[in-house]
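Residue numbering begins at 1 within each chain, and the chains themselves are lettered A, B, C and D in the order written.
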Amino acid sequence: MTLTLTETTKANVNRIGLAKNDYKGSRSTLCAGCGHDAITGHIISAFYELGIEPHRVAKFSGIGCSSKTPTYFLSRSHGFNSVHGRMPALATGALAVNHKLIGIGVSGDGDSASIGLNHMCQIFRRNVKMLYIVENNGVYGLTKGQFSATADVGSKQKGGSLNDYEPIDTCALAIELGCGYVARSFSGDGKQLVPLLKGALSHDGLSFIDIISPCVTFNNHEGSTKSYDFVKDNDIRLQELGFVSHYEPITVDYEEGTTKRVELPDGSYLILRKLDRDYDPFSKKLALSTLADARLSNQLLTGLLYLEKNRPSLDTRLNLPDRPLVELGEDDLRPPRAVLEQLMESYK
Amino acid sequence: MTLTLTETTKANVNRIGLAKNDYKGSRSTLCAGCGHDAITGHIISAFYELGIEPHRVAKFSGIGCSSKTPTYFLSRSHGFNSVHGRMPALATGALAVNHKLIGIGVSGDGDSASIGLNHMCQIFRRNVKMLYIVENNGVYGLTKGQFSATADVGSKQKGGSLNDYEPIDTCALAIELGCGYVARSFSGDGKQLVPLLKGALSHDGLSFIDIISPCVTFNNHEGSTKSYDFVKDNDIRLQELGFVSHYEPITVDYEEGTTKRVELPDGSYLILRKLDRDYDPFSKKLALSTLADARLSNQLLTGLLYLEKNRPSLDTRLNLPDRPLVELGEDDLRPPRAVLEQLMESYK
Amino acid sequence: MESTLNNFTIQVGTVNGSGSQSANLILLRSIFNMGVPCNGKNLFPSNIAGLPTWFTIRVDERGYACRSRDVDICVAMNENTIDADVAELRPGSVLVYNEALAYKPRREDLVVYACPFTTLAGKVTTDPKLKKLVTNMVYVGVLQELLGLDPVAVEQAVQRQFARKAKAVALNLGALREGAAYAREKLRKKDPFRLETRNLTAGKILIEGNAAAAMGALFGGCTLCAWYPITPSSSLPEAFIEFARKHRHDKDGKAKYAVIQAEDEIASLGMVLGGGWAGARAMTSTSGPGISLMSEFAGLGYYTETPGVVFDIQRAGPSTGLPTRTAQGDILKVAYLSHGDTQHIVLLPASVEECFDFGMAAFDLADRFQTPVFVLSDLDLGLNVWMSDPFKYPEKPLDRGKVLSEEDLNRVGKFERYRDVDGDGVPYRTLPGNPHPLAGWFARGSGHNEAAQYTEKPGDYKRMLDRLAKKFETASQQVPAPILQNGGDTRVGLLAYGTSHWAVVESRDQLSASGIQTDYLRLRALPLNGAVERFLAEHERVYVVEQNQTGQMLSILRIHYPAHTSKLASVLHYDGMPIDAACITEQIVAAEKECAD
Amino acid sequence: MESTLNNFTIQVGTVNGSGSQSANLILLRSIFNMGVPCNGKNLFPSNIAGLPTWFTIRVDERGYACRSRDVDICVAMNENTIDADVAELRPGSVLVYNEALAYKPRREDLVVYACPFTTLAGKVTTDPKLKKLVTNMVYVGVLQELLGLDPVAVEQAVQRQFARKAKAVALNLGALREGAAYAREKLRKKDPFRLETRNLTAGKILIEGNAAAAMGALFGGCTLCAWYPITPSSSLPEAFIEFARKHRHDKDGKAKYAVIQAEDEIASLGMVLGGGWAGARAMTSTSGPGISLMSEFAGLGYYTETPGVVFDIQRAGPSTGLPTRTAQGDILKVAYLSHGDTQHIVLLPASVEECFDFGMAAFDLADRFQTPVFVLSDLDLGLNVWMSDPFKYPEKPLDRGKVLSEEDLNRVGKFERYRDVDGDGVPYRTLPGNPHPLAGWFARGSGHNEAAQYTEKPGDYKRMLDRLAKKFETASQQVPAPILQNGGDTRVGLLAYGTSHWAVVESRDQLSASGIQTDYLRLRALPLNGAVERFLAEHERVYVVEQNQTGQMLSILRIHYPAHTSKLASVLHYDGMPIDAACITEQIVAAEKECAD
């Protein structure tokens, strides 16, 4: 197992009495050092620390090394490793009929920005309440290192050829298409990523996190813009992040002016501490232009890019009752005989 | 035939001696008053006035009322009415093997922003040299008026239901994904559209024009944001447009300061005359934020949104010879016997 | 000669988008209201307005409901098609046409009634738009007089058609009366076609197959409908939305269903499988091109054993083909949809009643066998108006299949998702959200073992495939059984399915009249089961009637019943029009003659 | 007992990503260099590094090339699988294992050689990464000594493998020598397996099917390759890129070809059809899931009559299945891919040579018949290393089919895109850019007539379908014909296609040895033609051998040859492993025994 965990389990159990082990999955079969395994570790931490009951979680993925990872966490949850690029559709259907499930989708850059781009874009519009993660390594890991649509122009393939095509910035698309929680992070930065994950799980709507996750086997060489080295040299954090759960007292002390507390729909807080720049994650325009600038200057901006709390999520738009559709009984599912008779009358 | 032509044919023939009739196609079968027919007329004008030889043109479309229109213009050209949403792929293949063809793709908002969104996005990235038109009416005309992905939130369907989902702004996506010629126009505004079409045909790379084109049958009622009335009330032109072909002397007089002349790769000029605002179509950031603002204030901005002249088009990226691949003879296509022998040696 | 009383076909040729559809439906319903069996078929172009469209009404006291090849009464309202329409008429047929058209009658062998429809319409309104609309009502008035339509029946039909708009009722009745008055005063009846009141439609309904199927989905407990518009399928989900809006809201006005217009058909089926996996009854509806796009997900559904229902309203053609014409051209494709060794349960409704019944049954079968179920309707059935007995409320409760709840797990104490516990090939499943510690499992389209764990082991992989085969063997016994109609002679058997049924029914009578007695087995589902084999075994020659070019069901029969394959022959019809009885009769008579030779 | 001289199977069990592949290939090529026929199969997981992987080398002087079910020499380098690997060995087999593994040999019936591979590797390098890599070379050294590998042959193989890196050559030779020295000094040969120099591989090549097919595409004149990565197909386009880079640049360094990595398989085929329509030879390559996604475009290609070539490197499974295991599970699906009445030309290469030949022929057939042509290879053929005669340069020029140039049009004076001028069902086409005023036409997936105009007329539509059927009839005469091998007895016939061939070849000898003489017809393409029917007619019982669960080719045969269907029986293998001879022999012997009973 090659998981890098952000913290060792200090207390043995979390607030619902489960140990961290209860949040793990089967043994990873990814390459040693793969960024994806680190992310798995951070996901485990986030769920463990939030004390989410595993059975309330539904895991979704497409196809790829990244899409294999849902087997490596939360083995007590249900999960669905589907077909390449179509995870959003599957998740949308499942969460429409059971919006009480805590949905987490894990995808890759090939899965989401190449074959699955349309579905990703449309799930942003539909604002399905779930956490959507792209484990972004700029290549198709599982098929041995071809460029994906997030590879930067001029970035170098292991064989030596250069990428000719504009990259797709999934975060920019998410913001453009109305996603209300958009972040970018790095597989190796648990300090940033874990609060982002927790914040995402507290958001009411689709939360999207693009996580740069180096592929040690096919895209970790010089000339790659998704390597550990490149990230280390070019990562610029937008803010320092903390998270306080709705059931914890706020113990983080924060200085007026440099720290912001953002309340999330479930009563939790994201704590944003200002770094060099004064970034306002509530402005769509600023978010988009900041991303555009960063791309031009080859910077990798990480942190919470955009937050908009009041967009209605799919279940609201569908006007669904509180009780999920899957819990409806026969009485609800099949209208009574009188309804059929009435309908038949109307066709007579 | 319900074509609205921008100008009556004053001279009987154009510079290559063809009459306007030579640029027409078969009789339109669209509804009387459909915006698409007007666009057909403007396309005919643009090709006629540019004096393009019809046989050099290749027409492409997907499926929908809009996608039917390539039969209604340039009947002497080859054309391919393909499958729903996949026109970009077809065009990419055809123009890769014959980059001397003048490609024009006509699609609908359903065709391009719903089922075909991925392919549209990817053709922006690949920058295939062609003119890509979306005849945007906010609905699926041919299947009787369901919302497409460009329908605005809250816009009203003929049956009365409101659209719940964020619209996709295809121009914003085009700019975001690196398209170098992006415009928005209105089917009824030949004065603006014809120069935009001509400019697009002179651009070296993908040129994208989203044309609001009211569906008189299913989306021209009150409450629609793609109706003739709505456009009339909310259309704000970014600039006044003119076009001077590389073979014409520049006769347009232009005032310093309010008028800009933009040279295009084939030596033609786009003439941009300043209106109320001072819009700079060379700034990606400005273009994106202007579009975002317009959306917020329910304005419909039309005109040339973005121009970037030096992005390499697909044929350059593919390092293709001047002579198109389809013209290669057997000698070029099949390497000589010695090559096979040499290859065989290397496997011995 | 056949009686022409309550037995003839009317064809109205108009321009689509001209509002003729309400006049046509009023005409149809008027006849129905008189107690005379009838149904209506709409032949329309793949276009929104301006192109020719035809509506045919078959009036038949004997109840024959398939398309009749010949038109007895041609109402010609479209200048562009009148010549061709007239050219196809048999001698003795009736032509009613609009004098306003640039048309000169040339055939002497027809009974021709010229009517100033446009002028008559002008008497009731001067508004040009309204005038255009009510012009169509004038011909209904003319026919009322010519055919002997009961004015009360007609008025009821008009009232019903414009239910909520008194003004429209008045206007249309006005136009109708103008037509009737004109006919009464100016036209002399010269043709034999007449209607007479009967009591044969009492209690019956008139409905399109797509509405019936949507109703099936409603009563079948469907809570998720994910779809993408396509002709001729769209009206199915649209009807579902309408029904659900009326009958599926809770007391707080909340929707006890979800409808999502997906970005494409791939996503539609993806959403359906997501919904099915999560425990809901989910459906989508599409036509040929959508079926092709669903191939990959169909395989995922099969192999992960996820329920879901797909309605395929078949239309003509390879590729886009003829989107507004009918066919049975997807059956072979759907039966094995997706790469690799994949197969599916397919239901084959022949009537609007079966659209309703199978619309419900599909969900039971999907849950029971944990697999996508395809319901193959077609444009003829889906979009046309058919007379039917009213649908029966289901007697049996929903069958939700083998789902283990938390309590079940407590009781059983163990759970493996893909184990064949009962020996029927059908495993048990748990749903997401089940809090039992054993409940969680991971669905994947890649190789897996009984415990739903990833595996590449040859033995594991093969065992799962073999169990799937067993599951389908079990399913073959539980899908709707074929229906046998004995003709008392075991030499000639007919096999058909779906809408070909109606032409077969009439053809059997024609065949019988020409001395060929037939037995008839109507297939209603795949996988096929033993009854089919028996039928094949018992007959010397079996004709398989279907509406495609390549004999797709015949192919499936040949694959499954090699022992009987040499007695199978195809009777095909594939020009986009609904199959008619004569087409079958002619082919069989010719083939039988050859046998006799 | 069979001779063990130049006749045995070696299996090396390692961890993938550990660099064992070069050692395996060196071992294979060393044997080949000795003039002894051999081939290698790689059994690897759907994973990048860390999971078990096996490489088997079948050494067989008689030339048998299919998988051998039994392993004679097991080289165990992977702690996780050694127990299972050993458990499967027959008594008398050899086990060579790495002493560094936590493993205690327990079986007495094996010849066991324990070797300190890791320690020996440590003698040539201390760099831990390098050491891991060269550990594998040590076993080659050990086998060199044990089996009698010619050191010169081995050294040549090493030189070749590390061609450009002298340091690597030295290092690997060092490791190899350590292994050999150890074996010489410490191991006493106790097993019967030996190699001896022969002259049976002179002039032959060793190559993977995907490289061969890519070479076919290169010499077939392909100029557009649009693809989407998928196992086991990716190495085909990747090889094409490599070949084209070397052999398809003009003197200015410009590329006389275009390769586009598409966004998905839908777009791949769309690009191919765009290229084919514009007049180029275009191809894509994929595997099962991609085939499913291509369904809609496949129908467009069929109905618009647009050329294009699709390689399908089949892998196991419905859905994602086993991406790194082999199967012949797409044949029925591909033959009729897309909704409606669609069919395709399918080529079925059995050897790397046919991958090359059909790789070229596919483009000729696509142009000649103006339709997508599918080449069905599989993982076993595509990714494994096969011995072959060198490929022959084509004698005939490219067949570009019926394309009318401007001059042709001047001469002919008329042109209708879809008219059957020659009576063979194959129409003429013009390409975009043709300046002749008659040249332009409009391709559409919707109904069209001879002049390529839109139509919904039943007659037009049916006529086009009938012409398409005629075109495929013509095609059936021009696709690669089946190949007959007479065994001199007409009671039992064998039918197979693709890689099943190799197991059939061996099985026929086994059958013959047990008294069953067989004739054998190898299918090489669809549509099937007359030769197949003759073969069926001439034999009493015909076994159809294939690597899928449902007998997909058998199904196609049943559909097309109803008269002979009762004599057909399936011999199936579908666990993901390549089929072996014994599996066929056993099934046929059992079935024949039943016949005799």
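Here are some notes:
Methods note: a residue touches a chain if its C-beta (ideal position, glycine included) is under 8 Å from a C-beta of that chain, and two chains touch if they have at least 3 such contacts.
Everything quoted here is computed from the prediction, not taken from an experiment.
Using CA-based centroids throughout, the chain positioned farthest away from chain A is C.
Looking at B-C alongside A-C, one finds more C-beta pairs in contact between the chains of A-C. If you average the Cα atoms of chain A and of chain D, the two centres end up 40 Å apart. One inter-chain figure worth recording: chain C and chain D are separated by 44 Å, centre to centre, where each centre is the mean of the chain's CA atoms.
Shown for chain B are the residues in touch with two or more other chains, namely 83, 115, 117-118, 122, 126, 149.
For chain C, the set of residues that touch two or more other chains comprises 45-46, 263-264, 289, 296, 300, 304, 319-320, 444-446.
Those residues of chain A that touch chain D in the shared complex are 29-32, 63, 65, 83-85, 114-115, 117, 140-144, 146-147, 149, 217.
Across the interface of their complex, chain B is touched by residues 17, 45-51, 228-231, 234, 261, 263-264, 289, 319-320 of chain C.
Chain A meets chain B in the complex at residues 115-118, 121-122, 124-126, 149, 164-166, 168-169, 172-173, 176-178, 284-285, 288-289, 292-293, 312, 317. Within the complex formed with chain D, the chain B residues making contact are 26, 53-56, 58-60, 70-71, 74-83, 86, 88-98, 100-101, 118-119, 122, 126, 318-322, 325-326, 328, 330, 332-335, 337, 339-341, 343-344, 347-348. Note for the complex: chain C touches chain A at residues 203-207, 211, 215, 218-221, 223-224, 226, 243, 247-248, 250, 252-260, 262-264, 266-282, 296-297, 300, 304, 390-391, 393-394, 397-398, 430-437, 439-446, 453-454.
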